[in-house]
């Protein structure tokens, strides 16, 4: 199968990093196609960044559909433009936050989320509510590590992240940790070893869910909310969407 | 004061229509500046339409700020990009759905919403939840009138809308009606006369709230969730946001 | 327009204070008629005080209706007897807590409430739930300043109030402050200057909402929950309500 | 023990009726003292009626305390002034709606409520929410029988009530019926025989709960929310509350 | 009346202890029959213990029905197998957690729960949600006292329990205390004296509710959720349930 | 990997059926070991059946752990004893209802559940709430097909099931269908073809999730809620659990 793995920001180093993570857990016949949009912010750390990133992200979804991919993954913890992407895709579209919550809830009663900037906490809360996992989350903690600082992680950054995970466990009662940024994808294994609880990275979780849906022949329902958008005119930079 | 009244779709007729509605209730010293984005869909009827419209809508917010407006109104019932707009604006940003829910809750115990397409019902439900008005809403009803059909409303369209309002009252127990599309703005008065309950249009509601905030010197808090986004690089069509 | 501004307690100093606040933001053609009931407690700090105050408060609503006012404001943060008042009034009835929550949610993502006595905290929580703003409130904090101590505020009282506002911001993540007592009405401006976040006083918020509804010709729905009460006999001190 | 059984409306026939119901289930050493306030409406069918009735109801609570009763019952399905009464009482105060919900939840998974006027439905919903029984209620149904029509029930009224109970069972899935008015107290037995499900009357439920609390020496907590109100001045008709 | 008082664990000392508590508050004509299952764990401190205990507990329910008891009490704070028991019983089945929550809510606005092991906290939270008392609970606190340590309580154990109750009051705002284990049944009186708030033991609460239901002729509804299970074959150790 | 696929009822035909379903989607190196408990009911259609089935089901979990399986699946739509099983297992334990909800939410906005007996509806509602999917479910519909009737499905049974799925889509707005019984496992493909929406069977969903967790090295957290139960004595038929 072919998976359209989308890094919604324009940081190429991040795209490569998550491609490596995804490939490391993919089945032999799973082909990971990693890319990022041509237009948009170099990192996503606010509702504004997310809104801007969403427009070009949808181009990458559309390209994937045209190239015949079997599933799409939106590899940013805010799961930006997920509903919009599902409308234009016939294949499944998976957000890494939702994917991580699902697997975390299978191996723990309550999981903690450890994420980047303090100001993204309400966004994480909203995702937990959107997906229905609020009562299964022991708390969301910010590290105030900038997304791009995760491109190449130094010792201090790792320690800061690990310390916040430990507080999630000891203070909040987290029984597993969900990593709240695609850029933390390569740290899950080491953290898990040191913390003695399951540590879930959404990127690899999404890959396994994409494979699962593909093997079960499950595609996005085109009845109701995720039906194709009505054909209409688009102007300016978005004329290519006109039908 | 100056109000930046934004029609987030690119239909010029709709922009003119809501400008007239807004002007009709504005105080003498309120100057309505109505506009729509250069880029995007001609109407907003799906999550996809909304995601595409959001990017260029934020340009119009930014322009308003630069022109020294005192408030912004996003005149589409989905309140698209509201949080993103509040991040980049120092002046208040008001969505017409939120504005309508607020005034409706002051004159009724439970209000009904009558909107356009069936597939937008989940979006309305999400807005009610976002703002906290779910328990005060007797139900959301779709008319399956396309947004652009509202540009110039014929007799049949009006009757279909009125009939759904009547069902909201008699079947759902609605005590007031919120009109679920900016394009219905000019029908509030006539419907109210015929239905004998308050009928609330979000466009005029938002104008009065914008004036209220201005007169009380209340601006968007720049602490926390609506703080200015971090400066960073943007690529391609969004390079103008780079700092 | 004429606004029936009701201080539900019998403290005349408080009535004068809120009249000044209301007048300071009213439009030139808005006439504020401030009064308080003849019967009841000198301050409202418990469910008991509120229950007793409610009976005579309704007389003042009725008098306002007979005098042809265009809106009523119940200027006590518990919004006492709001539903009952809306039943007997044809004009809008606005509570200051609900009004403050509405405007606070337009300029912040999450607001904090700073109020008087610890024992009124559950009442504030109930109001947040009644109106649907619980998820938008970062917390309610008590100062244990008695309501009557607010009649003339000394330096220590002001500092205690300000300190609690600061804790709401730094500890709870409040992005705006709602003042939880009509008696704090004259402090909003100074606090806002010093705290660098929006500070919302419900009295002035309610005045602007009353003007807004009036300008939009919106009155209390007489269908459903707020229909006129059935005519019936009343005994004793309430015989004047018999019909 | 002595129970202060309060009919909050001024209809003497209703007081006598509920006294008979209460006495019929009381233990031999339970003394029922039934009374109604001197001031207020002859029946309670709106928020307005309830607000007016509350003031004088609190006098009856106070009198009961002074007479050394062991518990108070507020015998109106809206449980008016319950929190206020608990503040001024040291002995337990029980509302008949809350009492009925409790016992109904012990003998069924989901119970239905059948009440009087359509316009009281939101009040019932609010009570279910206040007490936490919303998810255990299959629905609230109105009969539009006026409260005073229950003083002496004719065949048609009984049939209308029974029919609505049957619909609650067959259409809503009610497994037990809660009677939504103290005036229906004498019908529980006959309805239960005919409906083949438990039928719960709040008046008798409250009597048993009052006896239960008394036998366990449980009184209203005077810590926190139900602490004695602060002493203060009251004016006019309520001067007797001044301290 | 006869009450089938079931200690779901196999610790005989615990059975005797709760029998004494139950008898101490029972009416003269209430006959308490205390017993415990033949099969199962000596204490219940996990979901696993509860699942194992449930099977044999249902035998004791069945025996009680055959012996003609008038009510059943499941005297373990997890209320294990309550729904299953109600299905096979025609008489009321009462869990001690649910019973304690009910009475606590009659004498306080918010109660705290003080229980045994930390790992049972989610189970208590689930019960609060199942019954609808989550918003009326100020918090659940664990003492990490093992259930069997409660069989004969020493000074240190009592002090640890009392200290946690005090913290529930001073830190969480508990206005009453619910004891979270049947084994604490004999401590309610002494704790109540020392804490100056109501202390509710579920065992005695359940006895009074059982008597209340009996005196009102209320039995488990056999319509809907608690209808008799369908007759079917059972194998192995459960063949006696085959019909 | 080895999966311990448990049919919690004692119907051997059902065990064989779900084994075939599971095997049909398993990866080449996944070994399905299907079994059912020695003790318990031949089908699970009530809380009573579920409570009885749970005890012996835990033996099968324990045996699987001892045989070195890599994951356990509880193949009954009530997900019986899930928390208890997770406590005693170190490998992941997956319930088929939870698994189906997860995959359904990835390919639809709102899914419908079509299940067996009407009396199991509250159990399904409880599962939706337990897992947090209530707001994503358009409704649960019963077919009143007995579980054992699904062992070999005739034309009429299939048509009844299909008809209820169609009503879920057209009346409730279901965009995907979750099959509410392991015994329907072999019908998912045919129904999906005919209904034109995704149809999700929990058995195959659970197999893919078990494989996913295994490939990611994720096991049940042994911190907190799912820690090993405390060692203790068990009596009678459960003595083998004593430690």
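Per-chain numbering from 1; labels A, B, C, D, E and F assigned in written order.
By definition in this document, a residue touches a chain if its C-beta (ideal position, glycine included) is under 8 Å from a C-beta of that chain, and two chains touch if they have at least 3 such contacts.
These numbers come from a predicted model, not from an experiment.
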Between chain D and chain E, the fewest touch steps amount to 1
Only C-alpha atoms count here: how many degrees separate chain C from chain E in terms of the superposing rotation, rounded to the nearest 5? 120
Would you kindly tell me how far, in whole Å, the mean C-alpha position of chain C lies from that of chain B? 28
Distance in whole angstrom between the CA centres of chain B and chain F is 45
Residues in chain F with touches to at least two other chains are numbered 83, 86, 109-110, 122, 224-225
Listed in rising order, chain D residues that touch chain E in their complex are 25, 27, 83, 86, 92, 94, 98, 102-103, 105-110, 131-136, 169, 173-176, 192, 196-198, 200, 204-205, 208-209, 211-213, 215-221, 223-226
Which part of chain C faces chain D closely enough to touch in the complex? 10, 37-43, 45-52, 54-56, 58, 81, 83-84, 86-88, 117, 119, 122, 146, 224-225, 227, 229-230, 232-238, 241
